[in-house]
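Naming follows writing order (A, B, C, D and E), and every chain is counted from residue 1.
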């Protein structure tokens, strides 16, 4: 049976690189695991341009005109917010392959939206306890001033303070308008903190890590953060400045398990790149779809239902979906950026156990059957 | 009708008008003479409010208007033409006049209906066009008519606000002798109760139109009196008149 | 809040550094924009291009190659743009110029993506600039001091050229009335050509200077455009004093705003811009006329 | 003053007919594109009013539209106000905000005015972006559409909604034309040509500018309230200056000061963008080069170019026709 | 020295000059007279290359005239336009220096000192912005600026417009002085007396054509021509 899949990703605009990685991962999974299921897949790609209205129009096209059975993708939380009601109303299952806003699997959750990527809080929560266990009690936090930035930092703060740590200073920098982090770094330095915990991504991450290093802060004020800060996609642009930075993420290419080894080499062969967390999200989104079709599901309703129950071992370890929120449950990896054979590499320091997100206001019908 | 009291204005170190006090009666026609840079145009700017004086006051119909902005003074009946044409170049002659008349009749700010189509405005436009001899050019664009016609329009636009006091800054500058003569007649045909203050370098016109003459020099009033007295004034000859023909 | 003088000294240096970076960028724009009355919205894209050229050249020949090559390359593009587009657009009025340069932004954005990809590039500093010096007992990056010095040096050089030579007056005359300037024997076309190329070179230089500090991404040009426009509008178009004053105001407001009132930091500069325009509709130091 | 020429009427009729035909026949995606065009057309109409007839080139009209959208979203979802009232409220709020911006910016000209409007737009953008109350950059959803079932129109249907937008665009166009032909519009044009003289004639110039800017803001606010209903979700993105910049591009591309042209520009721009982005993800490059080419052709945008080429000819032919068909009828003045 | 052979020229679609021919001689003053809108200023603008010559030939000293105003100015022609065109962004001093420094040498005929002697009023306003001057002062500045080019041919468009009689006299005397020093000039004037007292030769232009050519004495004597073409 043919399953029509709509891929809704940014192929232009600031997140084009992410869209490309997710798509490559998605295709790779179909190539590798597609034979495991009876179903065949036809892909339809639409560019969201990271603009919610555009994405909505494209989503309508996919759902109403192309009549796809399932959709996957979505990089930005804003785009997810824009298509959420449509998808929920139309009853088309969506596998989220990046957008991490907590509400998507919290207050705004939907039985049709399954997230195979991460949630903002999820990535950072384990870091609070871990960091406190390393003997660090006073932390200064920094993040861009937008919803994701706040959710990431809140996730960390929650567990860090619960463990007994103290946040001695917290700054949110104007998003995408901050070229110069100097003023904030000087503040962090003067705050009396023992460490700095940050979330930055993309271009901001590069600027931040380089400027942090140029002030020579790494020695007395070690830098920790959400793993997007030193994501493989950007870390080579950060260069030696990123060495020694310790962050946590749901995936790094150096995770030591056979699934990952196979995935990394296959992805490398396909694209010539080391896979990023985005690539693996795309890969696992397709895996989830394949797993769901294995149960015989092929129409919208049955797929949605099946997707809420998938679980498998992938490059990130053992994954499952929490049917209470439809968010992924996955281990989180603490890693240090170290010099490696080909540029910088990720040394996994700890694997923190998987735990389901709190409900965050999600109230959803339980899985049928 | 229009009065100034001790008007003073400096630009930095340049003292442009000094202690200028003038008084125009209703219907009076006064010509201001003075060498280039004497401060004549500046005085106009002070009168209409495009510049604020450093000290002194401007009175219109007995009321102190020194603190009022340009537009408010204009609505009280003070209108001016410019030394350098200041017209709505892309529009037609008719529209130029109409815009001014519309402001006067109050239709310029209304949200409903064409302000230029009201009977009052049409009437004013026609009257003014007649007065400044613009009838043949009504539908021509300003950019298409000759300089002389534009000079006439410059005065016409000022007239179309139906002012009590009309200030004209060198209305005939740049027009040929023939047209200057036309201007001359045109000025004489204006209603007698309109108060006129004219800056003019054309002596024939000046002495013919003027009831009274004021001479400015270095921003100061150096003569204030009747044309005949001015004609005989030695001072005036020295600072202003002279003629290349005497050479 | 810390009352340590070292902290404030550091922040002052940060503010100066940001100011000088913006100055490098805005001076090129103000020269083109204020003096030629040409609205070059693509200035930010030229800056991005400078950064890319610098990053690309640096991987081959090291930082200094990029540093010197970027202004030259961007000026070279400037020559192409001028002879292909700008010269014909000079008299077309600001609307058409906005549109053409908007088109250029679009085109250059995708061209950089096609050539260099979507992923950020990096550039390493030479050992000479890659250290810290102690300022009030706190290590301050040498590279930031280098930016401050470079900005001041360019400011002085331009001030000398414009004040001490006829060129400044000739440019302004050409801007006021190019036909009359030509009637006085000024080769307006060539003058503008040079001005445009110098403006482009400065944008390229700014890109090369910013590259090691920030990340080199395709949209860096768009991100910097608005701050640059704010700088020149606060300062007043077309004047060197305006560019430097605007840069300093922006740098200090941004830096100390971030320190003292972080919640307001992003709105602060716009509020200041609006306030300046209400009080001085032509900016603080507009070119005469 | 804004004049309807034969060519403009023809273009209007063609536009309206095309939009109507599209609304009736298009598939789902086509309807989305159509609605996007209609809303953009409404925005550029508002922008052309101030930029083309008052010389007030605004870089905050996108933000005004966004303000209308947010106002509608908050009034309906947070304050629980009925959609029709909320729509009126959104229009009023945007109008007032625009009036204030116009009044404050009235003293600035040219690039300074552009920057002043940019400042206000960016202030709104930054504020909304960071304000948790409005959902920050994640935006807010659950925005209801107007309920017109009473008159037999189910706006939750894309087709009906597109038709509804078309109707309101036509109404906005009519309003814009009426305003531009009123005393206010005349005075605005006078101000654009010579502000100093208008003031000397006794006009309070800043009031005129503010009033027209406010009225234009109301149209932008309407577009915003409709956009919020269209997407049923709102995020800060549309408030960013780049959206205003694109709107300006569309106005100039279409033909500044022609009202009809910018609407054609909106259609051309949206269609082009979608078509090109189907083929390549580098659609910016194509659009950019095309923009440059259009401007280099030295016409006043697409429509200006058409007017320059065929306007007079069409006018003549039409007047010949009318003269032949009803010779005795008195010709109305142009 | 300057030769116009059936020149056609105009603005955009409107043609103003229709085969106009005239000739200015070395060391003499040519006055171009005519009613408002006759095309006098258009003639001068065409000579200066500000308007394209659509038909006909213009030659200077037997050489074909340059194409751009820049080349023409470099050939030694200075121009005082009727709009004066003072640069508003430049101070009075800069307005003067812009020609003085580029065309003048120490022993040029015209130096800053001499020009300021001629127009002392300018000396008092050296640091003012160019357009802050009164109308008459701007006229003086425009003439001074042109003189500082030390031109071989000086072209003046209505130099007395808006000037007080005493300044008109001054300018008359100064131009006469220049004439006696052998400077060639072309003068467009509304002021018939002024023009004919200065000029050696006179061309009357009407509707874009030269309709009368002769000497200054002849036109002063020819009342019919005056009446026909000038409305004097």
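Operating definition for what follows: a contact is a pair of C-beta atoms (placed from the backbone, for glycine too) under 8 Å apart; a residue touches a chain by one contact, two chains touch by 3 or more.
Owing to the predicted nature of the structure, the values given are computational and were not obtained by experimental measurement.
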Steps in the shortest chain-to-chain touch route ending at chain B and beginning at chain A: 2
Chain-contact steps, minimal, separating chain E from chain B: 1
Pair joined by the larger number of C-beta contacts - C-E, A-C: A-C
Between chain D and chain A, distance of the C-alpha-averaged centres to the nearest whole Å: 39
Centre distance in Å when chain C and chain D are each reduced to the mean of their C-alpha atoms: 33
Centroid spacing, where centroids are CA-atom means, of chain A and chain E in whole angstrom: 76
Distance from the mean Cα position of chain D to that of chain B, given in whole angstrom: 42
Touching two or more other chains - residue numbers and ranges from chain A: 16, 145, 172, 174-175, 177
Multi-chain contact residues (two or more partners), chain D: 126, 129-130, 282-284
Pairs of chains found to touch, sorted by chain label: A-C, A-D, B-D, B-E, C-D, C-E
Chain E residues within the chain B interface of the complex: 35-37, 82, 121, 125, 128, 132-137, 139-140, 158, 161-169, 172-173, 176, 190, 192-194, 197, 230-232
Of chain C, residues touching chain D in the complex: 33, 39, 85, 88-89, 92, 94-96, 98-100, 102-111, 113-114, 222, 226, 229-230, 233, 237, 263, 266-267, 270-271, 273-274, 277-278, 281-283
Chain A-facing residues of chain C, complex: 2, 4, 7, 10-11, 14-15, 17-18, 21, 113, 117-122, 124, 132, 138-141, 143-144, 210, 212-217, 219-220, 223-224, 227, 254-256, 258-259, 262, 265-266
Parts of chain D lying in touch with chain A, wherever the complex brings them together: 27-29, 32-33, 36, 126, 129-130, 132, 135-142, 158, 227, 230-233, 235, 237-238, 277, 281-284
Chain A residues touching chain D - in the complex, by the definition given at the top: 11-12, 16, 47, 49, 51-53, 56-58, 60-61, 63-65, 77-78, 81-82, 84-86, 101, 103, 108, 145-148, 150, 172, 174-175, 177
